[in-house]
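Below is one structure, written out as structure tokens; the observations come after it.
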Amino acid sequence: MSIFVDDDTRVVVQGITGGEGKFHTRQMVEYGTNVVAGTSPGKGGQDVDGIPVYDTVSEAVEKEDANASVVFVPPAFAADAIFEALDTDLDLVVAITEGVPTQDMAKVNKRLSETDTRLIGPNCPGIITPGEAKLGILPGNIFEEGNVGLVSRSGTLTYQVVSNLTERGIGQTTAIGIGGDPIIGTSFVDALEAFENDPDTHAVVMCGEIGGEDEEQAAKFIAENMDTPVAGFIAGRTAPPGKRMGHAGAIVSGSGTGTAESKISALNDAGVPVGDTPNEVADHIEDFL
Amino acid sequence: MVMKLHEYQAKEIFAEAGIPVPESHLASSVDEVMEAVDEIGYPAAIKAQVHVGGRGKAGGIKIATDEAEARQAAEDILGMDLKGYTVGKVLVEAGVDFENELYVGITMDRNEGKPVAMVSTEGGVNIEEVAEETPEAIAREHIDPAFGLHPYQARKIVFEAGIPRDVAFDVASFLSTLYDLYEANDASDIEINPVMITSDRDVVAADAVMNIDDDALFRHDDLAAMEEDSYEDELEAKAGEYGFDYVRLSGNVGIIGNGAGLVMTTLDLVDYYGGTPANFLDIGGGAKAERVANALDMVFSDENVDSVVFNIFGGITRGDEVAKGINEALESFDEIPKPVVVRLAGTNAEEGMEILNTDLVQVEGTLEDAVQRAVENAQEVSQ
Amino acid sequence: MSIFVDDDTRVVVQGITGGEGKFHTRQMVEYGTNVVAGTSPGKGGQDVDGIPVYDTVSEAVEKEDANASVVFVPPAFAADAIFEALDTDLDLVVAITEGVPTQDMAKVNKRLSETDTRLIGPNCPGIITPGEAKLGILPGNIFEEGNVGLVSRSGTLTYQVVSNLTERGIGQTTAIGIGGDPIIGTSFVDALEAFENDPDTHAVVMCGEIGGEDEEQAAKFIAENMDTPVAGFIAGRTAPPGKRMGHAGAIVSGSGTGTAESKISALNDAGVPVGDTPNEVADHIEDFL
Amino acid sequence: MVMKLHEYQAKEIFAEAGIPVPESHLASSVDEVMEAVDEIGYPAAIKAQVHVGGRGKAGGIKIATDEAEARQAAEDILGMDLKGYTVGKVLVEAGVDFENELYVGITMDRNEGKPVAMVSTEGGVNIEEVAEETPEAIAREHIDPAFGLHPYQARKIVFEAGIPRDVAFDVASFLSTLYDLYEANDASDIEINPVMITSDRDVVAADAVMNIDDDALFRHDDLAAMEEDSYEDELEAKAGEYGFDYVRLSGNVGIIGNGAGLVMTTLDLVDYYGGTPANFLDIGGGAKAERVANALDMVFSDENVDSVVFNIFGGITRGDEVAKGINEALESFDEIPKPVVVRLAGTNAEEGMEILNTDLVQVEGTLEDAVQRAVENAQEVSQ
């Protein structure tokens, strides 16, 4: 088993005719992902490597029975593309685009709450179920089938930790990069909950970083709801404090949250060992299995 | 990340939207300050225009009650170093005779995924302490971004905050205007602290904070044009030109990587293995050879750097492009200025390793080994 | 029994210090309605006939435990007042105000779908459960306790039909004026469903008028879901066709719908007798009982 | 109810928002028409500016290909009676050499409680038949009013409607602009029929419909100022001044009541009892004595009226005010011009009955009796 994506995932690539869209569509197909359609408004009727291109997502869904999309649309149009995807009742939308304006995402977030669709990202590397499907830009060759779930806010850090696992022969059920933007679709808690409910996932790696309170909330969730063991990593212990002006952000978040210390101690309190290095995280996982 | 507007810029925008601000003039010389106070009269505030929090406490704001004080304040503040920034401009502003200081602000609450408006009667420089110690003194209201701030919401938090009844509707109207500005300009934060209630029971914006979401600048040419370079040092200015996420630190191990999380982790490991990071430098995703070369150039330009670690785990970034860039940068030197440790993994890493000129760099297979070696190099060089 | 309002309804009057608000608050109180609070921004702390006035609805709800509101706020501010009411999770909001801009109501309608609150109106006379509570401007003296439910799009026509019933000694469980605006909170179907589920309502009067398709939908609902007998009246059989320009409205609604003939025949097809005069409606109800 | 803009007014608004419209001039005399065609050239369309549907079929639009035709068209159309309206102004517009006619419109779908955008390749005067016979030829998309029309939605219906690919984005952009105008101006309908695709593959708004929600005019002074009185007759003009909902009909029983549903019912009953209604007149809720008197004055001014029925069931409207108004209106006459039947019920009906001068009116206790008596009166008077 796995979470969110598998062999039955039928993918439409939004922005398939762009440079990145085209390149990563090939990579996804090579990995074995079932890419059934692409969209590019005005280019309906064309094809990319034999994959049919439609003007709209609704047409792609209707004609090719897609149930998931990957968004490679440039930042200025990305939110509109996500809205379009959400309008078609897809099960999953993975937004890779980096640099989507935050207020656009706040509106997307509102719309998301009205649907049953899962959004991953934006500004994320995507999701992969090794051996079955890859939706996004993760380098497929570092992953291996197995029984460890992984969820991370950072793209390249995900790759690092995965390679630490794979090198030891520890494979993954599913790995998800949830993205580091202020507003994202799938949170740590969402992913952890899905891993907890997946009988094939025997342990979970959670890679956080400084800022926000998502890791603290995840710690709370783990303590209260999870039997599956979790090991953590938090990037940014030595990060310099940003130069801030204005008080609004601090009032909302409070001064004590968002630091590496706060996150690490929250996780430790929840019984989650936090590695000092990515390799140490792999040590903890090895102990669990 | 955000683009910060100066107080004088934010106030221009606020004033245009109908929020009362004190009379003021921008000045960049003592003579200009004196002209300004001549026009405005006394008392006048002379306020450094730099992107630094806590200006007041750091001596960047002075009140002058006569010509001598004004000249003294201008001389003191213009050209002063404020937490690393040199003050080039001051705002000369009419002093306000106030009875109360309120706080009004709007920011994005990332936990809720929606903006939040805040109002307090305890405005002023200590608002963060108020938030910490008596959070109930700050009324908050989340905003549905599809609808915007409803008038009833503006009234609701103003009444909840206990704003005096005679100015309640004025403050609610400030809030509505601020939200309109927040949305129209893709602000990340917008804040008036303090809003002053004058002895005539007028409300005036005595300060103005407005930060813009960098990612939305593409649709705000007017705001983008307001960006003023005021980097702490020439290296940060250079990083700005190159478009790198760069922060200068005080250590001696130069760090280059792709992706914020991985670069942060590299910093953490340098620290973990006993070294001190000289910088944070993220080349971003999908960097081409030239960008890689620029990154090396940046780090070599920092005279504190004794050793460099180059850590790439490619997703969109391709190992062959990185290797090409490293070769280009290093082959231009007669002698490599500082030892460089390279660790390449991920997309096209093997191709990269074939291209990489290993006469010029040290290669390590794992992140941990690469960092350890760079820390050792730095220790050797600095001895 | 009754629907939507009864002895336990605790009312906050929005706009209680205005002329209409003040007048009808007195009328409601005289009728025996439990008016626990009023709102008028900026006038918090005052009172109207001893009823405490608050600046905000949330304060009124919190302090006086109100569970319903009646909106007497002028048209320019009415939608904002309804939004405010919807934000407090009241069970019921009755908007009396006439002349609320339609696009304001479209936004209210969107917000309404996110809540569990029932909205009646706007531009309606309100709702009354004879002997228990009256929320709105209906003249209380024409109503009588009994077992006939009444729902109407028109205010004064409601009074007419009610008086035809009461004169014969036929009382009412609850009477609702749903309002005749293009966008309203509670439809015929909503009210009919509630009457169907009310064991004390033995027959229902439904007064429609030309325009829209609400009566046709009600006929469908009655045929499919109702055991309680319904008698109908449709105003506007001889109404002159409006002078129309543009085609958009006709394209959306179709040319055949909205006429008195269409509504009457839909109701007849659903087994609902439609009276030629208000008095005939009372005849039909008398037959049912 | 709605306020209708003339084609020329709507086109000004569209053009300002960036939608291309043909060159045109407004003219109210033959000379002005000739000046306009001189400037515009031929072919030119001369189009009556009156609030009437089906202008073209009724002879209100003519195409002139030379001076003689232009003059003839101007003479024919200016001053003509178009379904009861006198044409005072024409729009003289450059003829467009078109290849296709599209339909684009936005209106409120009251069943869904949200606006709906519509696009079709089958634009032109027969669009309603298209809607009836081949509804699938009109693509529709509902709009969430909290978000507005998303760009993807505009593209979606344009592609669904099968708009030619080379102008698809232009038409989508029309739609987005139309929705912005729809929302910003509180329109009830907004429509371009036809959008013409020219031989150069440009898209042009050849007609323009824009109706404004009456209830929202309070926040659109600019639009309210565009309202041009062009009533069919002086009675409707008078009703406009008094602010009554009034429609003149062809019968002889004058009808006054409160509330649209009750007034309609009164009309229906007049018909049911064998009479013919002379008008629909709703005095609205809460009318005071003066308004009541005005209503009687209105109905008496209609020379077709032989008898009047006054039917009030008071909710907000108070019977005593109604009675006062009736007395005022009737006491000013030496002789009551037409027999008046009054039926008062509801709020303060008893007080009203006490005040009412029953020497001047006939009183009935029920709606049915009142209408029957008024119908009888009319029959007697008209004999």
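To keep things simple, chains are lettered A, B, C and D as they appear, and every chain counts its residues starting from 1.
Please note the rule applied: a residue touches a chain if its C-beta (ideal position, glycine included) is under 8 Å from a C-beta of that chain, and two chains touch if they have at least 3 such contacts.
It should be emphasised that the depicted structure is a prediction, and the values quoted were computed from it without experimental measurement.
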item	value
Contact-richer chain pair [B-C vs A-B]	A-B
Separation of mean Cα positions, subunit C and subunit B [Å, integer]	55
Rounded Å distance, subunit C centre to subunit D centre (Cα mean)	27
Residues of subunit C touching at least two other chains	107, 111
Multi-chain contact residues (two or more partners), subunit B	144, 146-147
Chain contact graph, described as a line, ring, star, complete graph or other shape	other
Complex contact set, residues of subunit B against subunit A	4, 51-53, 103, 105-111, 113-116, 118, 127-128, 131-132, 138, 140, 144-146, 183, 186, 188-191, 193, 209, 211, 213, 215-216, 218-219, 247, 249, 257-262, 264-265, 267-272, 277, 280, 285-286, 313-316, 345-347, 366-368
Interface residues, subunit D side, partner subunit B - complex	144, 146-147
Subunit A to subunit B touching residues, read off their complex	20, 75-76, 98-107, 109-111, 125, 137-139, 142, 152-160, 163, 180, 182-183, 207, 209-210, 212-214, 217, 233, 235-240, 243-255, 276-279
Footprint of subunit A on subunit D - complex, ascending	147, 150-153, 155-156, 159-160, 165, 168-169
Partner subunit B, residues of subunit C touching it in the complex	41-42, 44, 55-59, 77, 80-81, 83-84, 87, 107, 111
